[in-house]
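Once you scroll down, you'll see the structures, which are given as structure tokens.
Across the two complexes that follow, subunit A remains constant while its partner is subunit B and subsequently subunit C.
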Partner chain A sequence: MEKVARQHIIEDLLPQKFGKQGRLWVASLIILCLIGLFAYIRQLSKGLVVTSMRDYVSWGIYISNFVFFVAISLVGSLITAVLRLSDVNWSTPLTRIAEIIAVSAITFAGLIIVVDMGRPDRFYNLFIHGRLQSPIVWDVIVITTYLIISCLLLYFPLLPDLKIMMEFKEKSNTFLLKIYRFMGNYWKNKPEQFRISEKAINILSITIIPVAFSIHTVTSWLFATTYRPGWDSTNFGAYFISGAFLVGAGGVVVAMYVFRTHYKLEKYIKDEHFDKMGKVLVMLALLYLYFNVNEFLVPAFKMKKPEKEHLIDLFTGEFAPIFWFAILTSMILPIIILLFKKGRKPKAAFVAGILVVIGSWFKRYIIVTPTLLHPFLPMRDVPANYRHYYPSWEEWAIAIGSLAGALLVITIFARIFPIIPIHETITETEEHENTHSL
Partner chain B sequence: MKIHIHYRFLLILLMMVSYVVHAQDAEKNTLLLGLKYNNHNNQEQYLHAQVKSKINGKFQMIEGIKLKCYISDETVDANLIGQAITNGKGEATILIPASVQDVWKSSPSQTFIITSGKTIEYDASRSDLTITKAKIKIDTAEGRIINANILALVDSVWTPVKDADMFVGVKRLGGNLNVNETETYPIDSLGAVAAEFKLEAIPGDKNGNIVLIAGVYENDSYGTVTAEMSVPWGEKTVYVSNYDERSLFARRGKSPLWLELMAYSIVAGVWGVLIYLIIQIRKIIKLGVE
Partner chain C sequence: MKTNDNSRRAFLAAGVLGGLAVAGCKSNPFTQDVSQDVKPSGKLVKLLSVDGEIIEVDEAFLKPVPDLPPVSNDIARVGIDGKKFVMVIDLSRCKSVKKCQSACDHMHHIHPGQNWIKVYPMQDAEHTAPYWQPTTCMHCDEPPCVKVCPVDATFKRKDGIVLIDSDRCVGCRFCMAACPYSTRVFNWEDPGLDKTIADQPYSCESSVPQKKGTVGKCDFCPDMVRQGELPHCVSACPNGVFFFGDMLEDAVTNGAETFRFSELIRDKAGYRLMEDLGTKPSVYYLPPVNRNFPYESIEQEGEDKSHH
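Let's turn to the complex of A and B:
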């Protein structure tokens, strides 16, 4: 009986070939990536002048995108580490989704920074001229560390699944088998191997939490250590981390729904998961809303002159539509939807997740750009267009290309590896059945 | 038809009236030109012009006004000493060039004329200033006493000035500082003043030099006349470079030790764990091969 159940789980969870929709999805992503690549080649050959970034706005949508990627990558630590260490078993089917989102997002966060530098060889200067006192150097160290930890956290639980996939040769092709053998040929399901792997996963789960907090705190310090209206805040670390957990959880809900419907995983990613993730999302949205109130109410109460210009621009001025759109979609609407039980059903939760992700992207834009347009010491005699920022098509193409790239990495990963951990699911099912039979 | 013609006539009349009213509204503003003479150290003689106008009941300094300055009482090209355009504060400075030294030396007093041309917004304007040439001599005596006397040129003879107050001070970055509690000194019959330097521990240059200044400011007859001299009465300023000091704003490799200790221990701690985990992968590989 157990063998039959195991067989079913494996067949359900083994990676599936792309259908017509899948191929169309991959083709669209590749096209977007190629357009982004073309725009990047133009930027490389003509210089950063092809962007709309000038002396005032020197951090445009590239940096907004970077902060967004760093934020969404934090979900790896939330789902995999925090929930695992809290003995929350329901999160098992979501761990790999969270981890691959983390790995792809943090990879593209690193890449988009290189894009923002203009000439990529400037990255080398960071190593030969970088100062330890600079938060930019800390960011490079922390991002690299977080990427390695996330990769390891993705890799260790994958080892038993690689063995299973190698056993089911008929479900794979030669190329995939080569990948599986290269990555996990040495895994023999020995108890000692399991023991070491479990221990490693526990160590990683503990290590990733401070590193994850560091990565987004350091990112927030890139702003907070710069004396500018809107960034001059001691609250920024906590504000960024709460926002990051929110967008990460939103991203996982979206991915859960897509994988569940596309791969027919209703037996594994259940309504219960959406209900629980919905509750997590509400809590995180309320927390982020609290930090937002703090972040805007206190300066608005004092209304110091440079802050006033910045805040009025956000509340009622040029950036008001984006500001209120971001607040509504990333926090208010998801809270309203997810507070109700019906709102935590898969489709409604998916909509709330989408709102969170889109709203959060614009929220990052609102954090980065308007501040740069209101320096404490305005420049004299700058051209009028320096005082406004609207990204050029190259910036849009590169930003959208990078987002498509992150989605492509997740899609290809799901084609090669099981998106729900097979071995862990089998073990938990067996444990569950044994408990019930007792 | 007649009524129609009348209407047309009325309309033209109305337009003419409105034109006249509008023309009255668009009257040009008057520029007020101010001129001041300065003689510094009996070496630099220059004129300082100020241009303002009453607009909407308030005086405003006017930027961008082209000024011409003449020596002597005739505005002919031969007497032109310079042209200038007013800055954002409505001010302009014109040096008295060496080319007009013959005219300058010809008389103990001089008249300067400043003019501005007619523009779309302003009428032409003119102002003049007559000064008597004067100079200040500054010296020091034992006991840190500063002696200064002012002389005016009367019939080719430098004669002591009696009817003025003189400031004696020390030059600082933000302005001039009194050398004691007295701000200005009345000039005696010899045109002289004596001031005691009472300031202590005032920062000077690397050799302790400070600059003393004596001056008569905006006098109706002599304009502004000042003289300076350097004395080693200040504290020596020693420049200490902090280029090699460790600080949060220092160069690469000079970060504070506490930061280095913290940062490197965190990096070493986390990467130590990662290296340990990579060793664990090697162990798992070994177990698989056995």
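Let's turn to the complex of A and C:
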């Protein structure tokens, strides 16, 4: 009886070949990546002049995209670490989804920063001339640390699953088996190995929390350590972290829905998961809303001269449509949808998740660009196109290409590895049955 | 970037700016070079000697001083010993002629359209008087740009000057975000220099040649200072708006007039920009009072110039 259940779980959760839809999806992502790559080659040869960034708006959608990636990557720590340490069991099937989102997003955050550099050929200067006093160097350090810990948190729980996949040779091909063997040949399911792995995961789950807080706090400091209106805020660290957990959780809900419907995982990613993640999302959206109120209402009450132009531009001026769109879609609408029980059904929660992710991307844009268009001294003695910022096609192509790249990494991961931890699911089912039979 | 007008440079070096000359010329232009048989032309030139006396020298005995080789970038990082450079900008004299800007653009081979010096039409409040405000790099004593640079490409020297090593800059533009004075510009594309200039090794002190993908800004022309000359903006300004000098020597000059820095700032109520930020600029402003030119009638001319 138990054997049969195990067999069922494994068959359900083993990675599946791409169907027609899957192939189409992968092909479109590859095309988007290639267009992005083409744009980047143009940028490499001509310089950053192919972007619409100029001396006033010296950071554009590359940087907002970077902030978006760092933000969404924080969910890895939320689901695997925060929920794990607080003994929340329902999140087990979601850990791997969250962790691969984290790894893939943080990788592309690093890449997009290199894309933004005027001299990527001098990247090594960060190591030979790195100044520890610079927040950029802090960012390099914490992001690298976070990437390594996230990779380990993805890898260790994968080991027993690799063993299972090697047992089911007929379900994969020689190439995949080679990967599995390379990654997990030493894993023999020994109790000693489980003990060490369990311990390592516990340690990593604890360490990743301060590191996760650091990556996004330091990212917020890239802005908050300057004097500029809209960035010069002590609220920034907490504001960024809360927004990051929100967009990450939104991303997980979207991924849950896609994997569930595409791989027919209804037995594992249940309605209950959407209900619970929906509640988590509401809480996070409310939290982010709270920090937004702090971020905008307090300076708006005082309307100090340099802040005033910036705030008016956001509330009623040039950036008002994007500003209110971002607030509505990333917070208000998801809260309204998810407060209702019906709104936490898979499809509705998926829509809310999409809204959160899209709104959050534009929110990052609103954080970066408008501030740069309101310098302390008025814009002066520059060509006319320096006074505005409308991203060029190369910037869009690269930004979209990087987003497509992150999705591609997640997709390919799900093709090679089980997106829901098989071993843990089996153990939990067994435990569940045991408690019931008692 | 250096002109070949070497003889003129040599004379100036010996003149009123002697105090600023630090790495003095090794060869003395006033002695006859015995190794060469030069016949007097009979045409005498009046010169100001190092001691402040007017002397007459036969033109034939004059020879151009060879260009001082630029100091190495390691030395340029340290700065000039015993100096603390300051600038005083007298707003009452500015009518936005922008000769400072064009001279600076020309001498540093700045990408067309970009400027290291900007001349702002300012009006602090609705009922306050408008005025022109030229800005250079403020060479802050607490430079926000230097604080944030991840690779030490922009640095503060002991003589107070903030410079950029374009051979090291990675182009992250954090310094541009950090600078509250919007003084930094970026080489978004290749600066399009003549090959002779582009092929020169980069000098932190002359900021030439500018390089694609790196940040540039006003450098206070320490290369000129080393030769005992004033920064290009100072000597180009027809109205004597810019005063440059050494705070330790307590003297600033616009080339024609020299003032005791402390007295000038005291008597004319000098101030610095955005004092509340704590950046401690090295550039001081004299308020636009008792102006040499009315603002209104000049504005159009100024505007026209900015459209050129």
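Here, the second predicted complex is superposed on the first by the 436 of 438 C-alpha atoms of A that agree within 3 Å, B and C clash if a C-alpha of one lies under 4 Å from a C-alpha of the other, contacts with A are read in each partner's own complex, and residues count from 1 in each chain.
FYI, contacts are C-beta pairs under 8 Å (C-beta built on N, C-alpha and C of every residue); 3 or more make two chains touch, one makes a residue touch a chain.
It should be emphasised that the depicted structure is a prediction, and the values quoted were computed from it without experimental measurement.
Student: In the superposed model on subunit A, is it clash or fit for subunit B and subunit C?
Tutor: Once subunit A is superposed (C-alpha atoms), there is a clash between subunit B and subunit C.
Student: Quick one: classify A:197 as touching subunit B (first), subunit C (second), both or neither.
Tutor: The answer is first: A:197 touches subunit B but not subunit C.
Student: Applying the touch criterion given at the start, work out whether A:133 contacts subunit B, subunit C, both or neither, answering first, second, both or neither.
Tutor: In the superposed model, A:133 contacts both subunit B and subunit C.
Student: Who wins on subunit A residues touched, subunit B or subunit C?
Tutor: Per-residue touch count on subunit A favours C.
Student: Once the shared chain is lined up, is A:188 touching subunit B (first), subunit C (second), both, or neither of them?
Tutor: First partner only.
Student: I'd like to know which partner A:211 touches here: subunit B for first, subunit C for second, both or neither.
Tutor: The first partner, subunit B, only.
Student: Of the partners subunit B and subunit C, which touch A:376 in the superposed model: first, second, both, neither?
Tutor: In the superposition, A:376 contacts subunit C only.
Student: In the superposed arrangement, does A:272 touch subunit B (first), subunit C (second), both or neither?
Tutor: Neither partner.
Student: Figure out whether A:141 sits in contact with subunit B (first) or subunit C (second), or with both, or with neither.
Tutor: A:141: touches subunit B, not subunit C.
Student: Which one hits subunit C, of these parts of subunit B: 5-13, 23-31 or 59-67?
Tutor: 59-67
Student: Please identify the positions on subunit A that touch both subunit B and subunit C, taking each partner from its own complex.
Tutor: 129-131, 133
Student: Going by the contact rule at the top, pick out the subunit C residues touching subunit A in the complex.
Tutor: 101, 113-115, 118-121, 135, 144, 147-153, 168-174, 176-178, 180-182, 184-190, 212-215, 274, 277, 306
Student: If you look only at subunit A, which of its residues touch subunit B in the complex?
Tutor: Touching subunit B from subunit A are residues 129-133, 138, 141, 145, 148-149, 152, 159, 185-188, 190, 192-193, 196-197, 199-200, 203-204, 207, 211.
Student: Going by the contact rule at the top, pick out the subunit B residues touching subunit A in the complex.
Tutor: Residue list for subunit B touching subunit A: 248-252, 255-256, 259-260, 263, 267, 270-271, 273-274, 276-277, 280-281, 283-285, 287-289.
Student: In the complex of these two chains, what residues of subunit A are touching subunit C?
Tutor: Of all residues in subunit A, those touching subunit C are 46-49, 51, 53-56, 58-59, 116-119, 122-123, 125-126, 129-131, 133-137, 140, 222-223, 225-228, 372, 375-383.
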